[in-house]
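Once you scroll down, you'll see the structures, which are given as structure tokens.
In what follows, chain A forms one complex with chain B and a second complex with chain C.
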Partner chain A sequence: MTRSPLIELLRYAAILLAVAITLVPILWMVSIAFKPVAEWQAAGADLTWIPRDPTLENFRYLFGRSDSALIVALERTATRPILASILAASFGTLIAMTAGTAAAYGLSRFGAGANLPLALIQLRLFPPMAVMIPVMIMWAFLSLMDTWWGLALIYGIVTLPFAFWLMKTFFDDMPREIEEAALVEGCTRLRVFLKVTLPMMRAPLASATLFVFILNWSDYLVALLLTTRQWATIPVYMASLSSSMTGQLYGAKAALGLIAAVPPVILGILIQRHLVRGLTFGALKQ
Partner chain B sequence: MTAMPPPAPASAPAPAPALTAGAAPARSEAARLGLRLTLPAQVLILFIAIFPILMQLYISLTDWSPLSGRPWPRAWEMWNGFANYADLVADRRLTGAVGRTLLVMVVCVPLQFLLGLGLALLFVDDFRGKRVFYSILIMPMMVVPAVAGYMFFMLFQSGGPVNDILGTLLGRPVTIAWLSDPTLALVAVMIADTWQWTPLMFLILLAGLVGVPDDQMKAAALLGANAWQRFRTIALPRMKTIIIIALAIRTIEIFKIFDTLYIMTAGGPGVATETISVYIYKITTQDLVWGYVAAIALVILIVLSVLAVLAMKRMAR
Partner chain C sequence: MAEIAFVNVTKRYGNTVAVDGASFTVADNEFFCLFGPPLCGKTTILRLILGLETPDSGEILIDDRPVTHVGPAERNIAMVFQNLALFPHMTAEQNIRFPLVERRVPEARIRERLAHAAAKLHIGHILHKHPAQLSGGERQRVAIARALVRDPIAFLMDDPISALDARLREEARVELKRLQREAGRTLIYVTHDQEEAMSVADRMAILDHGRIRQIGAPVALYDRPNSAYVAQLLGSPPINLLPPGLLPGARADAVQVGIRPEDVEVRPGAGARVTGVEPLGGYTVLTIEAQGASLRAMLRGQPAYAPGQSIAIGAAPERMHFFGPEGERLAS
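Entry: the complex of A and B
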């Protein structure tokens, strides 16, 4: 069908407006991240969209390598929070994907654990805030407070529903002829799963893993309750980038925000094809 | 979590015949492996759902707090029966938080749905630059919510870019103190949520629209149906499930709203943007009245379970 140029023009106008609204907040953060102290401190005096004097100063400051005399040096650098975020999110993803993939296969092929689909949806439904009191008590009892491994364990449980549902839809979609052939060849079922099924599912496994990683990386509330100093994650640590002496360290916050925001955006664009499936618990396969 | 259904093997998807058929030992090997494979997930659920909820129930019947000098198993020494539950009925701050959460919900869910649907309709057929625009438009939902909170915190400063843009549009300087005005703070929080989550609606609804058969739409067009009629009579009925899923996801997530909002306003000014999660967080970490928090949390879990069961029953019909 051919459209009138006017309609086509209106379409582009609407899309460009949406793109502008989408990008302005992100670009503002990028702009602040590269501004020198003097430029972001004078917030409001005169507002510049493009840094007049772009610098990596804010990034150097985060890692304790700043030579600026304008702001007080950091008591704790951002290195450890970044490490905490990476460790907690990675191992949380490992736990969720291992337990989720195994359970999804068990249900998809052997009908085991029929209570899991609903139980896991319910797990997703409830606000984490509503079970945090017992979790905090248990974590204190198990000495898991303020550790990356304690955080990883709860991340593994919180994102288990996504890992399970994603892998279940992938297993359900997968043709079974090859597995059956391997079974006839005399392989045990466990061997078929480990040596035949999983290698065939490499691409879906990778997408699901990245998806779960993004979710774990995005957490704030759980880390806020379960970590304080030692293993505070990036968003928790970010709150410490302001003090009565310095005020809000916009530049450092924006720089760290950029560091935190870049990996999931890139990973998300990589797995675009599977985002809908992941977000709707496999109800929509696109 | 509270209403865990008993295992119902009958409703389980039937395993492929060839994987189960065969000699009896083979069948039990499959059953055993199935059990072993699902065991870790079951243990994790037990660990985070059943046990904590029982613990929560116990603590909610006491005045226990982490400062009480007793380990939690001895909370019974501070038994107060159902006093916590009686308190929460009269808790004005709680009803306020529930009301605000519902307000954000009834504003943001329809708004994000309509914006997302509008964008999705623009993306149904091909045009130049479609893939690039698509990638840009779904970016906000992948930005860490806490970082989005900082972004909007900076944007809404009185000397920040939002006022700057408004000033340029209006041709006079604008110095609105967004985050310290009770009403505007709530508006700012809703704008941030809409910025971040309209892409989710867009993504899901577009996937639904693309799934509508092209030939039917073309046939209807040949019969003289205009775009609105085609959308209403062909696309909309087919997208019913997808629309329900999209709305359900956003409703559930907004009920839990915390990250972005807490970083932007910390529930303030005063309690002007205090939602359920923010309120619970504050009394957990500041007032430390854990017996009372446990009671609130449990009531929320029960109400949500009932609503979820009702919703699923309706969906099944």
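Entry: the complex of A and C
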């Protein structure tokens, strides 16, 4: 099909616009992260994309290594929030994926817990924030406030429906004959799951894990309510980055934002090769 | 080594009766075919034999032993699924080794069995490939090799060659027959292709909505169908079912008269008209209209008939099948 050059031009213009809308904030963050105080301060009022005087000062500042006289040193460095985020998001993802995969398999194969889908979707019918106050009280009673494991637990619960629904779709799509063949060929149910089902589900597991991890990693509100000082996560900590002298510490925030973007990107690259389509292609007659 | 018997087995899925009071016995070393239209319960019968389903009532016996509480793995029956069900994440070789590895067969023995099965099915050169890289015919061979490799007491095959084109199917079914003879094992084979069923089976069972309508040697069923239903399923072109009185010599008490296309006699005359001619080389199929009914005749060679031509039809009374009001065969 040949399109007229005008339409082609408009198409590219639209694509360019979409890309710009997506990338501009990110690029602006990268830019600010490497600017010295004078350049990112509102008073500077001198907008440049490329820092005139690029510096790692903002990163040093986050970890308490700054010797700048312009801003007051931080009370708490970024090390612990980064650790808190990694622990809470990883274990939260582990909980959601383990429980979600098991539940999805049970329902998809054995019809166990037929009411589960509805119960789980109900969890998503209202915003998680609606129940966070009661959860706060419960967590306080259970001494889970301001702990990474308390946060991981609630993350696991909140993202469980996503893990469940994603995995259930994949299990439903997987032909049962392949598992039955393994049963007939001498496997127990557990071995069928471990040797046939899970290896075949590698790609879906990888994509669901990435999805759930990003959800947990980017949470702000739940962490804001359930953590205070000890185990505040990156987003919570980021919000506290301000000083009476300079107001919002945009430079440090941008630097932290850049750091926060690293784990999902690494995870994405690591499992990219598993995100291949055509998973069961070739196993069955077409 | 394996005689498989169904005693009054019934299996329901919700309100659907998949198998309805089926009783039959497959003898040891027999090539037994289950044949019928789609959704008539053929696959369910295989799943019941495998132990993937449990009958609602009735009993399944393997070598006179009830197997209701024996799991699929312990029954030692091999299955080739309709969609082949190869493991996509394993190579052909790993697929074939799988049953032996799971049964903890010593490595030396696995190699020997693998080589044997691969040689038998001529797949030695594709063992390193994944199922996705194989052609339809190669996949089917790998699936059969996986069933063959562990010397089960019986093989079940659920229309395994339906993906192949006509010529390959013909080769494949000859090959299957040979493999079954060599293995010396019971083979229960499901197909929806009557020609395939008739060409390979020692005996066949005709199914209709979960009920077994007739069991017997293919030729016996073809020559003496016990009902109009069975008569219609076998033979191509299908049998003509005509009102009595159309053909001279038919019994008066019959509701329907069946006559195979090859038994219809055609000669120049009056009373019928040719409406279609299909020359197929070795024989010619005529579509004929007679007294408002349509029938087909199969003639040897290429006789010179043209559409619109007026003819007379007839048939030898001993070649006719007479069916009663319920489609049942009338006693002669």
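Following the convention adopted for this analysis, the second predicted complex is superposed on the first by the 255 of 286 C-alpha atoms of A that agree within 3 Å, B and C clash if a C-alpha of one lies under 4 Å from a C-alpha of the other, contacts with A are read in each partner's own complex, and residues count from 1 in each chain.
Throughout what follows, a residue touches a chain if its C-beta (ideal position, glycine included) is under 8 Å from a C-beta of that chain, and two chains touch if they have at least 3 such contacts.
Model, not experiment: these values are computed from the prediction.
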For A:191, using the defined touch cut-off, is the partner it touches chain B, chain C, both, or neither? Pick first, second, both or neither. second
With both complexes superposed on chain A, which partner does A:30 reach: first (chain B), second (chain C), both or neither? neither
Looking at the overlay, does A:87 come into contact with chain B only (first), chain C only (second), both, or neither? neither
Going by the contact rule set out at the top, does A:199 touch chain B (first), chain C (second), both, or neither? second
With both structures fitted on chain A, tell me whether chain B or chain C touches more of chain A's residues. B
With both complexes superposed on chain A, which partner does A:182 reach: first (chain B), second (chain C), both or neither? second
For A:137, select first, second, both or neither according to whether it touches chain B, chain C, the two together, or no partner. first
After the superposition on A, what does A:220 contact: first (chain B), second (chain C), both or neither? first
Footprint overlap on chain A, where chain B in one structure and chain C in the other make contact: 180, 183, 188, 279-280, 283-284, 286
Using the touch definition up top, name the residues of chain C that touch chain A in the complex. 50, 52, 72-73, 77-79, 81-89, 98-99, 102-103, 130-134, 136, 139-140, 146, 150, 162-163
Parts of chain B lying in touch with chain A, wherever the complex brings them together: 1-9, 11-16, 18-20, 29-31, 33-38, 40-42, 44-45, 47-49, 51-53, 55-56, 59, 72, 118-119, 122, 127, 133, 135-148, 150-152, 154-155, 157-161, 164-165, 195, 199-200, 203-204, 207-208, 210, 218, 221, 241-242, 245-246, 249, 252, 255-256, 258-259, 262-263, 276-277, 280-281, 284-285, 290, 293-294, 297-298, 300-301, 304-305, 308
Mind pulling up the chain A residues that touch chain C in the complex? 175, 177-178, 180-188, 191, 196, 199-200, 202, 278-286
Complex interface listing, chain A residues touching chain B: 1, 8, 11-12, 14-15, 18-19, 21-26, 28-29, 32, 43-45, 47, 49, 95, 98-100, 102-103, 105-116, 118-120, 122-138, 154, 156-157, 160, 164, 172, 176, 179-180, 183, 188-190, 193, 214, 217-218, 220-221, 224-225, 234-235, 238-239, 250, 253-254, 257, 260-261, 264-265, 267-269, 272, 275-276, 279-280, 283-284, 286
